[in-house]
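Dumping the structure here so I can ask a few things about it.
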Amino acid sequence: MEEFLTDTLKTQEYFLNMGPQHPATHGVLRLLLKLDGEIIQNVDMDLGYIHRSIEKMCERDTYKQIVHLTDRLDYLSSHMNNEAVCLLVEKALNIEIPDRIKVIRTLVDELTRISSHVLWWGVMGMDIGALTTFMYGFREREMINDIFEETCGARLTMNYNVIGGVRYDLHENFVKRVKDFIVHFKKKLPEYDTLLSNNVIFRKRLEGIGYISKEDAVAYGLNGPAARASGVSCDIRKIHPYSAYDRAEFDEIIFTEGDSYARYKVRIKEMWESLRILEQLIDKIPEGEHRVKTKAVIKLPEGDYLQRVEAARGDFGVYVKSTGQKFPYRLKLRSPGFANLTALNKMTKGLKIADLVAILSTIDIVVPDIDR
Amino acid sequence: MTNTELKNKIEILSENLIFSGEDGDFLKIEVDKDNLKEFMKKLRDNEELRFDYLFALTGIDFGEELGVVYHLESTKSRKLIQITVKTADRNNPEIDTVHDIFPAAFFNEIEAHEFFGIKFKGHPDLKHLFLPENWDKGYPMRKDYTDINMLIR
Amino acid sequence: MRITGKYFFVNLFTRKDVITEQYPNNIDTLEMFDRFRGEITLYHNENNEHKCDACTLCVSACPNGSLEVFGDKEPDPETGKLIRYLVKHIYHLEMCTMCGLCIEACPQDALEWGQDFHHVQYDRSKLTKVLNKPGSKIMSKEKKKK
Amino acid sequence: MILNIFTDIHNLLLEHMSGQAAHITELVLIAIAYLGIFAILGLFLVWLERRVAGFFQLRLGPNRVGPFGLFQTIADALKLVSKELTGTVKADKFLYGTAPYFVIVTALMAMALIPFSQEIQAFDINIGVFFLTSVSSVGVIGIFLAGWASNNKYSLIGGMRTGIQMISYELSVGMAIVTMVVLAGTLQISEIIEMQKDGWFIFKGHIPAIIAFMIFMIAGTAESNRTPFDLVEAESELGAGFHTEYSGMRFAYYFLAEFVNMFIISSVAVVLFFGGWLSPFGITDGIPFAGLFWFTVKVIGVIFLFMWFRWTFPRFRIDQLLTLEWKYLLPINLVNIVLMALMVWLGLTL
């Protein structure tokens, strides 16, 4: 019977151009799918639809001016991206950073991480077909955005970090608002589980789909929650602690299943961990100044510098080659999304279009981050 | 493991290695472009070192010569090293591909190719990824590339 | 179904959990936070005086050239030295990324954030603004200190 | 009373023209009335869906145009009517143009059988339920043609998915209806409702009826292509599925037909399980228009259930969809029919 079917029923492979305008590609990502019916044979990608060449722009900008450009990479973890540049310059110039700045940075980091994950959760539900999650995710995100707006002056591209500190001191309402948020979010997170995580259809859609082994995850350079779902320990906050992460107690979430559901669970658990960090640090903000005076013109000594931070999507890195001028000679932005996207072809082979959409949203791509 | 110890372990893997930055954050190694592929393979497969995570692959225009900087991390010891490889030929720069050693390098090499014009020998698909498919105005990230639309200060 | 049902009935009867804002209708009651970065403004006091002395430090600090400052020089009535004064402070809102470097660079604290966010225009050229109001003058040094 | 209006019109027409002509005129009048109901119903349901979705999603939904935003959908419909009908050059023009009418005509035909109240039912045929299922299964051709004729790969995938899905789930809908027909012993809709005077079928047929109702709801959701079975459209995967290339009024036909189909499925559920236009315990017997009221209330209740499904559940994958139908629903259904037959035979119904 099997032979009969394969002999007589010939199927023709065809190409489907998914994107650049497509609801599931989270922006202007273009995927070229080679399909047999609904089954994916190969995924090829074409990028660059919103490439702004930030790396080239950085080569003509002073270090102070670079900071705000990194907002525009992964706009959902803009604070972490800023922080990477600031930490790099501070390390290169040996600027001593007071504890208060470190704690503020860490607090805002974790709030950013939660807001990014919450948005991801909403969009994840949308991609799978549960449209309501989007608004529920935005409810929490709105609270965080309000905190940011009050303290930093903007909601998305916050540009709060400056070299040598943060732009403004914490707003007087900050601590109270964050505490309110923690109480609120602790009530709402279990709702996320009942609504989506424990839903039979949802689990059936994700479990065992998009498997990637630990070895492959390392080889493809997967990072962030996507890699941790495969059992790779890669949390920069733990491995190379920066800012105030060394004084907070938290666990690195590691799952070993390596499928889409594990990637989903990692992010949900990470929100709990972020809450833990917030709870520990919110009462212990040291007194002091919010900004260290730096020189008007910052020149890095000649050499190579690298700074990594754990952005919401993973291992974000800035590599600077300096020749001693006030502009970097070469600045490379290592984006987590780009590395995660390279493994897409490996993950989706032999699965269906619907699975591709689910996987694409579990690796949580942000296209400006990939296109840079 | 300090950088000096690491240096001693890496030294024996290949010839013509130039080390620097022992007292810095990470060890910097400059490798001959003919030895690159072999050296990378050894770095990955060496039981003690296990530099198996390609953190970043950066194309650089050094002015006179073009080069690629690899940042490798070991998932075992969590040490980071920087490997630089240079080629003096600006018109036809060729460097061995490492995408068969680190699959992560596949798209990064395409990126370095289209922005710097570095040809990766053995790479199967050096297409235009970021730039338009009919792009023929040179390599935009090179230092000698000029664009009238670019804001110069 | 439990969760969505709960929210449905709560919202049906009380509208308690409704999180959206009725945007164009509530435009009069919307209040932005003090630090909100809406646009860059040049501070003018009640006598139509500003603090800018056209030093153009903000122009050099701007990463994308969204500020243009035109100044001129005239002799000081008392000492006779040539003193710069501001003729036109042009602000291209369409190019501004709200990075705030100009405000930090300003030695006179002449620039500050405006909270207006309603920038919608049909024509891009209308986003180019002249920041100094017509007929405005520079403040005297004593006033600046306050 | 309302019956009097109908007879009055009938007599009026007979006074002025011959019997044949009067008959045809009446048919035309009924057709126009149903077209009106169709349009109003579609627009109202679209509004209801958006409003309900709004409350589910912590929003308000349309609330600007008219009281409670009731005229929002009318404004949208006007926009759609005034829009240009665009199409692709490589589409099969004839099929591309005809496809929407398949969907809308079948929906209209099925509407004829809906008993809005004791008096208002256009076409009370003695094979009513059977006719309804057969007519509504023609609708799939329209969607399938749309997917094929658009000459778009997304549409094609959407169309193919429809074919698979509708054919599979028609079986379950049919089987669930058959279960209830076993209990009723008739196919005529008015008779089915009359039989429920002493108790709705969902109570009369207790266990098998409840099972049949659940299956009917699941399969009915699939029939009307709504989440969690909206693989046909699946906007996050296929853009808009089979109607990707449709615009203006042609798109509106699909849109309205989808909602009217939902109404039809709900009506069938109400007729088969909840006693149609009958009031609970006969509390409003004898009051004119009461039937219409109860019917509407019940149908909106079932429609609300559909909406609740839609705004809660994620979407299935195509293979899971088929597994659910062929491995679970169909066997349960078959057993259920036997169970129901046994119950009717042994007289275990309440």
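Which chain is which? They are A, B, C and D, in the order written, and residues in each are numbered from 1.
By our rule, a residue touches a chain if its C-beta (ideal position, glycine included) is under 8 Å from a C-beta of that chain, and two chains touch if they have at least 3 such contacts.
Being a predicted model, the structure only gives us computed values, none of them experimental.
Ranked by how far their CA centres sit from the centre of subunit A, the chains are topped by D. The interface with the greater count of contacting C-beta pairs, when C-D is set against A-B, is A-B.
Between subunit C and subunit D, the centres computed from C-alpha atoms are 56 Å apart. For this pair, subunit A with subunit B, the centres built from the Cα atoms lie 25 Å apart. Annotation: 45 Å between the Cα-based centres of subunit B and subunit C.
Looking at subunit C, one finds that residues 3-4, 17, 19 touch two or more other chains.
Chain contacts: subunit A has residues 132, 135, 139, 195 touching two or more partner chains.
Within subunit D, contacts with two or more other chains are made by residues 56-59, 311-313. Against subunit D, the residues of subunit C that register as touching in their complex are 1, 3-5, 7-8, 11-12, 15, 17-20, 22.
Put simply, subunit A touches subunit B in their complex at residues 45-48, 51, 53, 55-56, 60, 91, 216, 218-221, 232-234, 239-240, 303-304, 306, 308, 315, 317, 319, 321, 330, 332, 334, 338-339, 341-343, 346, 371. Listed in rising order, the residues of subunit D touching subunit A in the complex are 53, 56-59, 153-154, 157, 227-228, 230-231, 234-239, 311-320.
Chain contact summary for the complex, subunit D toward subunit C: residues 52, 54-60, 308-309, 311-313.
Subunit A meets subunit D in the complex at residues 14, 16, 22-24, 38, 125-132, 134-136, 139, 195-196, 199, 201-202, 204-205, 352-355, 357.
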